[in-house]
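Two complexes, one shared chain (chain A), two partners (chain B, chain C).
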Partner chain A sequence: MAIIITGRVTAFIFLLACLALFYIFMSLSKKGGKVSIRTFPAVAAIPEAVGRAAEMGKPIYYSTGYAMETISNPDQGPQTLAGISILGYVTKLAARSGVKIHYFTPIADSLPLVEETMRNAYLEEGKPEDFDPTSIHFFSGQSPMLTATLGFMQRERPAANIFMGGFYYEAVVMGEAGNTIGAMQISGTANTHQMPFFIATCDYAMISEELYAASAAIAQNPDILGTIKGEDIMKLVILALIGIGFIISFTGTTFLIDLLRM
Partner chain B sequence: MAYPTDVVGILGIWSALLLMLMIYSYPLYKENPFFRFAEHLFIGLALAIAVITAIQTTMRMAVTPVLGGDIVYVIPIILGFMMYFIFSSDYRWVSRYPIAILVGSAIGLGMRGVIIPNILTQIINTITFPKSTDFMSMFNFVYIALGTLFAVMYFLLTYEHKGAILYPTRLGRWLIMIGLGAYYGNTVLFRMSMLSGRAQYLLQVLRIIPM
Partner chain C sequence: MSEVLRKEVVYLITAIVVITMIADYFFGIKQLNDAASMVRTWAVVISAMALALGAVNLMRAHGNIVRKRVPGRWIYSGVLIFIFALTTLLGLLNINNPSTNPLYKWLFDYPYTSLGQTLYAITGFYIASAAYRAFRARNIDAALLLLAGIFVLLKNAPIGEVIWVQLPVIGGWFNDIGQVPAMRTFLITAAFGLLAYGFRTLLGKERGFYGEVATA
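Moving on, here comes the complex of A and B:
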């Protein structure tokens, strides 16, 4: 069996470059190197949403979406984890203001993580007795969760709805139901097919990688911040490749394409 | 499918129709006892099906192989049981380990299919000069290449969108919005076809159109 397979050499170099960059920036970040994430209006609006709920005496609805019902899906799992990270921040703010937060999910294997995150948030705010495990609502599927959400929104009329994670068709239905009750809505998803619906129905929306970056900025975890910086450097490399490739393509040169196919 | 003639069949299609109308009463009117009945019935039924499916899957995928002598399947069974430590206040930490293994292995497996299709092939297709040099081909080539450049620039997350990258990222955002708008229209059409499917079912059950 050949060690070097034609067509995978560049991919291998790319993978090594990514890993090296992640390692370098994670190390720098751990040693105190500052990695600043750009400002997201959606994140800045979260305290406003919690404040609104406190003033109105209404709860907050939070969901990380369907996400294929597992955190082990390589596309959806990271979105759920980012959503749970932001949930920790929202729960802290809610605990501080005495606002009840209701979390809805069909993802069974995320439950230990969610409970731990919410429990810790209350603990950090010095109110462990305020944590209510029954505010975590599990449903055995996407549509049951959606149906329950619709009923919950009409009955409880939450002041703010926060959707952060891997959403599918439920995005537009939840967003529209939240609009009907006049709730302030903040969302974030990396699922391209649902971004338009969140943009249309929510007051603030984060798209694609903004979700991950927002969770990193909130958690201030040096490992995650380091990988975000490493990713940005890779994006600059990709931008350079596209820019150079685009210009030289007019001369008929296929050198860069051949290199990438190597 | 022909219109059913037996009692069970007729009861089935009418139950489906009534439950469908109960659910539709939410967007068409507002939250009401009929919607609530359908909501709770649906959640309960889905849970029952999920429990049965989970038991069957566990038996088929883990217990049967172990009983057949495939001892390695004991590992996922143990990991699965470890999740239940979430109910113990003293040993809740045990439930973190199966999650860490689940997420780590899945991300590792997922990584192998990312670089070639999601990065390299995309770059190659973006910078490949079109075979035909007519106006539309050239327009598409330039639009896609520059659009990709500006859209990727928008996703530079550790740089504030100001100074030299203010206008390129702003243009990138507009291009992304145009793309998402097209997506929106496409999905709305698909959802309309789903609605027409439900309307068709209503008319079929009422025997206005043939089933």
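Moving on, here comes the complex of A and C:
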């Protein structure tokens, strides 16, 4: 039996190449090589949203969406984790400005991480006593979370809504309800089926991998920025492969397909 | 254990788990596959523990609301605690297969499912409202979006075929072919983003994963 499972050889080589590139660019970036990434309007708008909430004396609502109700899901879990990373930043800004932040989730196994993240954010701002665990709202399912969030929105009229994570049908409902009450809205998801709804209903939307890159944009840490550069190089490689595949498909040869399926 | 060492241990455990799972996907080595299977079982157990923590958090939060009689909220919190206790009790009565308990099954099949379906059904109105705002021809891009939207709408609405028999064909092209390359591009870029995120997590650089806060 082959050591590498048949059909996964090319994927393995590709993975190693990706990781090597990430590492090389991380090292270069650490040694002083300048890596800059474009500004994400959605990330740049977060302080504005917090400022708006401070001026209006109203809260900020934050949700990481349904995400199949678990952080163990291979597609949705990382989106939730990326959303929680950004939650830490938003909570920190909110703590600094004395703005109340409410977090809504149906993901039970994310609660300890969310609580730790928010507690740390308040702690780093020197206001641990301001952290209120009851501002983390857990609901036992997608629809209960949605109903409750809509109720909260109507009663409290938050100044801003931030939606970052693996959203499903709640994207359009929460986005539209938030739009109706005039809240400033920032969103991000890698779920392709929900991106159009966020784009239609929110003031700022991050799409696809921007959600994962957002924490890098916030931190501006050379280590993290290096991986974004590596990511861009791999995208160019894929683009070249697609182009080559398109051209050689006219010759009828299946060489590239066979190579990728190896 | 010092705070620094505690963090290093967490990074180390994460790295070992990530490497084990990646290796399990690519290599057909029995011992490795067994180890990965064991890690998956642990993940289920840890998730169950986190679920229990979630339940405790829920009761604590809503218990406080009821105790403080928070105006406009405490009644709902009281209902939630009552239903939570009732469902748990009914589940425990038939612990091996809770769905055999008729009252437990009724609670799930009728109030819960039907309310969930009702909420899902109103999504249509929200989509219509969002589409009304999105489909405004403010510039060329928006006009193209509007045009494609009209074709897809007329493909799905029976009247489209009545107006012109080719309308559903054009709408079908947008639906099945036109949008596919863009969606695949998003999928591919998201996969790279995920890979880079995983790599940063593996090296302990993505601190949000560990409950730490990214700072500007």
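The rule is simple: the second predicted complex is superposed on the first by the 214 of 262 C-alpha atoms of A that agree within 3 Å, B and C clash if a C-alpha of one lies under 4 Å from a C-alpha of the other, contacts with A are read in each partner's own complex, and residues count from 1 in each chain.
Criterion: contacts are C-beta pairs under 8 Å (C-beta built on N, C-alpha and C of every residue); 3 or more make two chains touch, one makes a residue touch a chain.
Please read these numbers as outputs of a predicted model, since none were measured by experiment.
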item: Chain B versus chain C as contact partner of A:Gly57, first or second or both or neither; value: neither
item: Contacts of A:Leu81 with chain B and chain C, given as first, second, both or neither; value: both
item: Chain B versus chain C as contact partner of A:Thr10, first or second or both or neither; value: first
item: Chain B versus chain C as contact partner of A:Asp109, first or second or both or neither; value: both
item: Which of chain B and chain C A:Glu231 touches, first, second, both or neither; value: both
item: First, second, both or neither for A:Pro41, with chain B first and chain C second; value: neither
item: Which superposed partner A:Gly126 touches (first chain B, second chain C, both, neither); value: neither
item: Touching partner for A:Asn221 - first (chain B), second (chain C), both, neither; value: second
item: Chain B versus chain C as contact partner of A:Gly252, first or second or both or neither; value: first
item: Common interface residues of chain A - those touching chain B in one complex and chain C in the other; value: 8, 11, 15, 18, 70, 72, 78, 81, 109-113, 115-116, 140-141, 143-144, 147, 155, 172, 192, 195-197, 199-200, 207-210, 213, 228, 231, 235, 238
item: Residues on chain A engaged by chain C in the complex (per definition of touch); value: 1-5, 8, 11-12, 15, 18-19, 22, 26, 70, 72, 78, 81-82, 84-86, 88-89, 91-92, 108-113, 115-117, 120-121, 124, 133-134, 136-138, 140-144, 146-147, 155, 169, 172-173, 175-177, 179-180, 190, 192, 195-197, 199-201, 207-213, 215-216, 218-221, 223-224, 227-228, 230-231, 234-235, 238
item: Residues on chain C engaged by chain A in the complex (per definition of touch); value: 22, 25-29, 43-44, 46-47, 50-51, 53-55, 57-58, 60-61, 64-65, 72, 112, 115-116, 119-120, 122-123, 126-127, 129-131, 133-134, 183, 186-190, 192-201, 203, 205-209, 211-216
item: Contact footprint of chain B on chain A as seen in their complex; value: 7-8, 10-11, 14-15, 18, 35-39, 70-75, 77-78, 81, 109-113, 115-116, 139-141, 143-144, 147-148, 150-151, 154-155, 172, 192-193, 195-197, 199-200, 207-210, 213, 228-229, 231-232, 235-236, 238-239, 241-243, 245-246, 249-250, 252, 256-257, 260-261
item: Residues of chain B that touch chain A when the two form their complex; value: 23, 26, 30-31, 35-36, 38-39, 42-43, 46-47, 49-51, 83, 86, 92, 95-96, 98-99, 102-103, 105-107, 109-111, 115-116, 119-120, 123-124, 126-129, 145-146, 148-149, 152-153, 155-161, 176-177, 180-181, 183-184, 187, 191
